[in-house]
Amino acid sequence: MKTAIKCAAAAALIPDGASVMIGGFMGVGSPHRLIDAMVARAIRGLTVIANDTAMPGRGIGKLISAGCVARVIASHIGLNPETQAKMISGEIEVELVPQGTLVERIRAGGVGLGGVLTATGLGTPVENGKEVIEIDGNRFLLERPIRADFALIAARQADYVGNLEYTLTAHNFNPVMALAADVVMAEPEHIMPVGVIPPDAVKTPGVLVDHLLERAV
Amino acid sequence: MKTAIKCAAAAALIPDGASVMIGGFMGVGSPHRLIDAMVARAIRGLTVIANDTAMPGRGIGKLISAGCVARVIASHIGLNPETQAKMISGEIEVELVPQGTLVERIRAGGVGLGGVLTATGLGTPVENGKEVIEIDGNRFLLERPIRADFALIAARQADYVGNLEYTLTAHNFNPVMALAADVVMAEPEHIMPVGVIPPDAVKTPGVLVDHLLERAV
Amino acid sequence: MAAMDPKELIARRVAQEVQPGSLVNLGIGLPSMVATFIAPDLGVFFQAENGVIGLGARPPEGMEDEYLTDAGGGFVTAVPGAASIDSAMSFGLIRGGHLDMTVLGGLQVDGHGRLANWMVPGHMVPGMGGAMDLVSGARRVVVAMQHSARGASKIVPECTLPLTSLRRVDLVVTELAVIRPEPDGLHLVERAPGIGAEDIVAATDAALIVPRDVPEMAI
Amino acid sequence: MAAMDPKELIARRVAQEVQPGSLVNLGIGLPSMVATFIAPDLGVFFQAENGVIGLGARPPEGMEDEYLTDAGGGFVTAVPGAASIDSAMSFGLIRGGHLDMTVLGGLQVDGHGRLANWMVPGHMVPGMGGAMDLVSGARRVVVAMQHSARGASKIVPECTLPLTSLRRVDLVVTELAVIRPEPDGLHLVERAPGIGAEDIVAATDAALIVPRDVPEMAI
């Protein structure tokens, strides 16, 4: 059983310089209240692992604008000109990863695999500096697992065990990130009494969640 | 949209000598009516990929008893003395695979990965004949992806698009097997009209299902 | 026949490639226009890589849902029989060969049929998003793009921009031509209404294999 | 104190190792008895590798459900807050270090702390099931087994049976002793009520590191 904590209290647990996976796709399914609390506490030097950096004024874009981020590992920064400008100025270091490779690298980190063997990226700049392994005559890139200090995820609904449900396109990276960090913080819209969410509806088991954040008012 | 077909018609589509993944764990969550139809048509020479071979008289155990099976890839055959006897007599060839490695090998086959890098099995007979890859100082077995001609899976509920829901411990290998075969046959208990299963409840999207079997009477 | 808008022409022609009952991913921009020209009774399911199978049209005003968007962040609807999936399943489908077809825009396609569509070094570094996975994993890759940009052919002998994948795409549709890359080169298979094969050859930097008769698109 | 059933003694002692709020997997047989001795208010969640987190006791007769079983196929219940998961998630948890503790039976444990528990060549080839994953992946591995079988010590210098994993297990609990494998060998850390350290050394083929005072189990 978990006691829901305030977003400001959660943000205070994340030190400057931490690596944080953040769920969401263009801001859909991101932990917006927690992001606001991180901006409010003027967190600095984050490594952000996420699909994208959304757009200025939305989701992860707020962290970028507020100067909280030193490094980004993402598949796409195209809708956030500030990320691009800060990359060019050298303020933010950006590693671009194919979206499917990113999700598999995070999953590998979460489920204890040694790496990911994928054809995606072969013969492109993604291959640079990576080992290529030949298996039965086919070539695959060896991609490293990714883990983070924190996973900051959003869910439609939780219970006080920490079980999570997601909805529609707000699933995206959230379920897989819940597997791959030392500390998992989940921001639900609603929190239900224990026993109300049917076992078959649970997509992230509560045992993965370390901190349950207060629900939306 | 799919028209539900009879189990006998489905069994007739599976040729002798086919490789078949069959969902279920000790018979829980196996496609029982389809298995009965395969026994009735006296199918021969199957390669069965499954967690286990259940027990005599139940689930995959019926295929073993009826002499339908030439080869088994499984994690456990301990509750089926017939499988063990046929293995010792040479009638059935058995490859034993750690359960977690089995599910990841099937997933790798289903999602287009080149293999699985795992510590499970290192230093045990499972390592025999396999490549060991060192990544950042840690050693991992390179395990090959598994695919099959057919995946024969069971679901609690389907719609006529082929979307599937599973329940409780009857999930097990079914969702991952739905990804990893050339032809996927799903045996649901119930079939609902299209649009009735909420998108968030779907665990296997209907696009993966080739044949929807008639519902239980 | 009055000249059709080039993008509409491309989208209409690509729509003819979509098989009944198939699973299709449409890229942002021009490719997304293809959906407009697919008959609803074809049973085609559109997938967006952010996690919905059974993407429908934009909802009526006031009925948008913040949790139901396409990969470009635009509001969409879900058709009956739709399924929500997470990114692992979404890219499992894409990379595992379960996606029947993807339609993507292009910056360049070269004589080997290889696509470059994700960056212009020094100018535009948006990231590859799902493009590399889509091109590497989809059963069929169709590039929908204008034939030229700023007067320069986008179909070139060798891509000068970073590749999206080594995989040879299956079809290239422009407002001038339909081109099928094969191991022996780029085959000109159709010409746009009113366009001659010689016009296409002249507008194309890469070598084209041109048969005696090049049929006109049936648009 | 009247002599306790050896299996109950082992299960009771192992139960003391279970941390409040942890996720625990209990193997079939003796290990599954451990659940009986865990207070319900500890907030412990039991996981079965076939796909349920929050496994409860056997249901009353007539309330069994064919779709809710443990890894041995026995009927179970689900506690409030339980979750159904598929095999990929189940072993993702096990192999990804999310399982706090597993309790497994053993055929042999050797002086390096390595476990053999899945086959006796020529006699018993049931398959490893989830055992190799559990031993390789759980944060803490506790072996619950009787000290000897047919008069022979099961704690041996080197396993003669095929290993389950190269990983050193964290604790071995028998009806005679609690033994903690460390890099320098097997440490005798507790003795069963009424058993002397010298009795344990005599009953153990592997070398034991025995401190001056070996406390008695607090059972």
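Order of writing sets the labels: A, B, C and D. Residues in every chain begin at 1.
The rule is simple: contacts are C-beta pairs under 8 Å (C-beta built on N, C-alpha and C of every residue); 3 or more make two chains touch, one makes a residue touch a chain.
Because the structure is a prediction, the values reported are computed rather than measured.
Engineer: According to the touch definition, list the chains common to the neighbour sets of subunit A and subunit D.
Structural biologist: B
Engineer: Would you kindly say which chain has the C-alpha centre located farthest from the C-alpha centre of subunit A?
Structural biologist: The chain lying farthest from subunit A is D.
Engineer: Nearest whole angstrom, what separates the Cα centre of subunit A from the Cα centre of subunit B?
Structural biologist: Subunit A and subunit B have C-alpha centres separated by 32 Å.
Engineer: If you average the CA atoms of subunit C and of subunit D, how far apart do the two points sit, in angstrom?
Structural biologist: 56
Engineer: Can you check how far apart subunit A and subunit C are, centre to centre, with Cα atoms defining each centre and the answer in Å?
Structural biologist: The separation of the two C-alpha centroids amounts to 29 Å.
Engineer: Provide the list of subunit D residues touching at least two other chains, using ranges where the numbers run on.
Structural biologist: 52, 78, 84-85, 91, 95, 137
Engineer: Enumerate the residues of subunit B that touch no fewer than two other chains.
Structural biologist: 104, 107, 111-113, 118-119, 166-168, 199-200 - these are the residues of subunit B that touch more than one other chain.
Engineer: When you check every pair of chains, which ones turn out to touch?
Structural biologist: According to the stated criterion, the contacting chain pairs are A-B, A-C, A-D, B-C, B-D.
Engineer: Can you name the residues of subunit A that touch subunit B in the complex?
Structural biologist: For this pair, the touching residues of subunit A are 104, 108, 111-119, 133, 135-136, 138, 140, 142, 144, 165-168, 199-201.
Engineer: Which subunit A residues qualify as touching subunit C in the complex?
Structural biologist: Residue positions touching the partner: 25-29, 51-52, 74-79, 84, 87, 94, 96, 98-101, 103-104, 107, 118-126, 156, 166-176, 203.
Engineer: Hey, which residues of subunit C end up touching subunit B in the complex?
Structural biologist: My answer: residues 23, 43, 45, 47, 52-54, 78, 80-85, 89, 91-93, 95-98, 137.
Engineer: Contact residues on subunit C for subunit A in the complex?
Structural biologist: By the definition above, subunit C touches subunit A via 48-52, 65-69, 71-73, 78, 84-88, 91, 94-95, 124-133, 136-137, 162-166.
Engineer: What residues on subunit A touch subunit D, complex-wise?
Structural biologist: Touch residues, subunit A against subunit D: 1, 107, 110-113, 159-161, 163, 179-180, 194-195, 197, 199-200, 202, 205-208.
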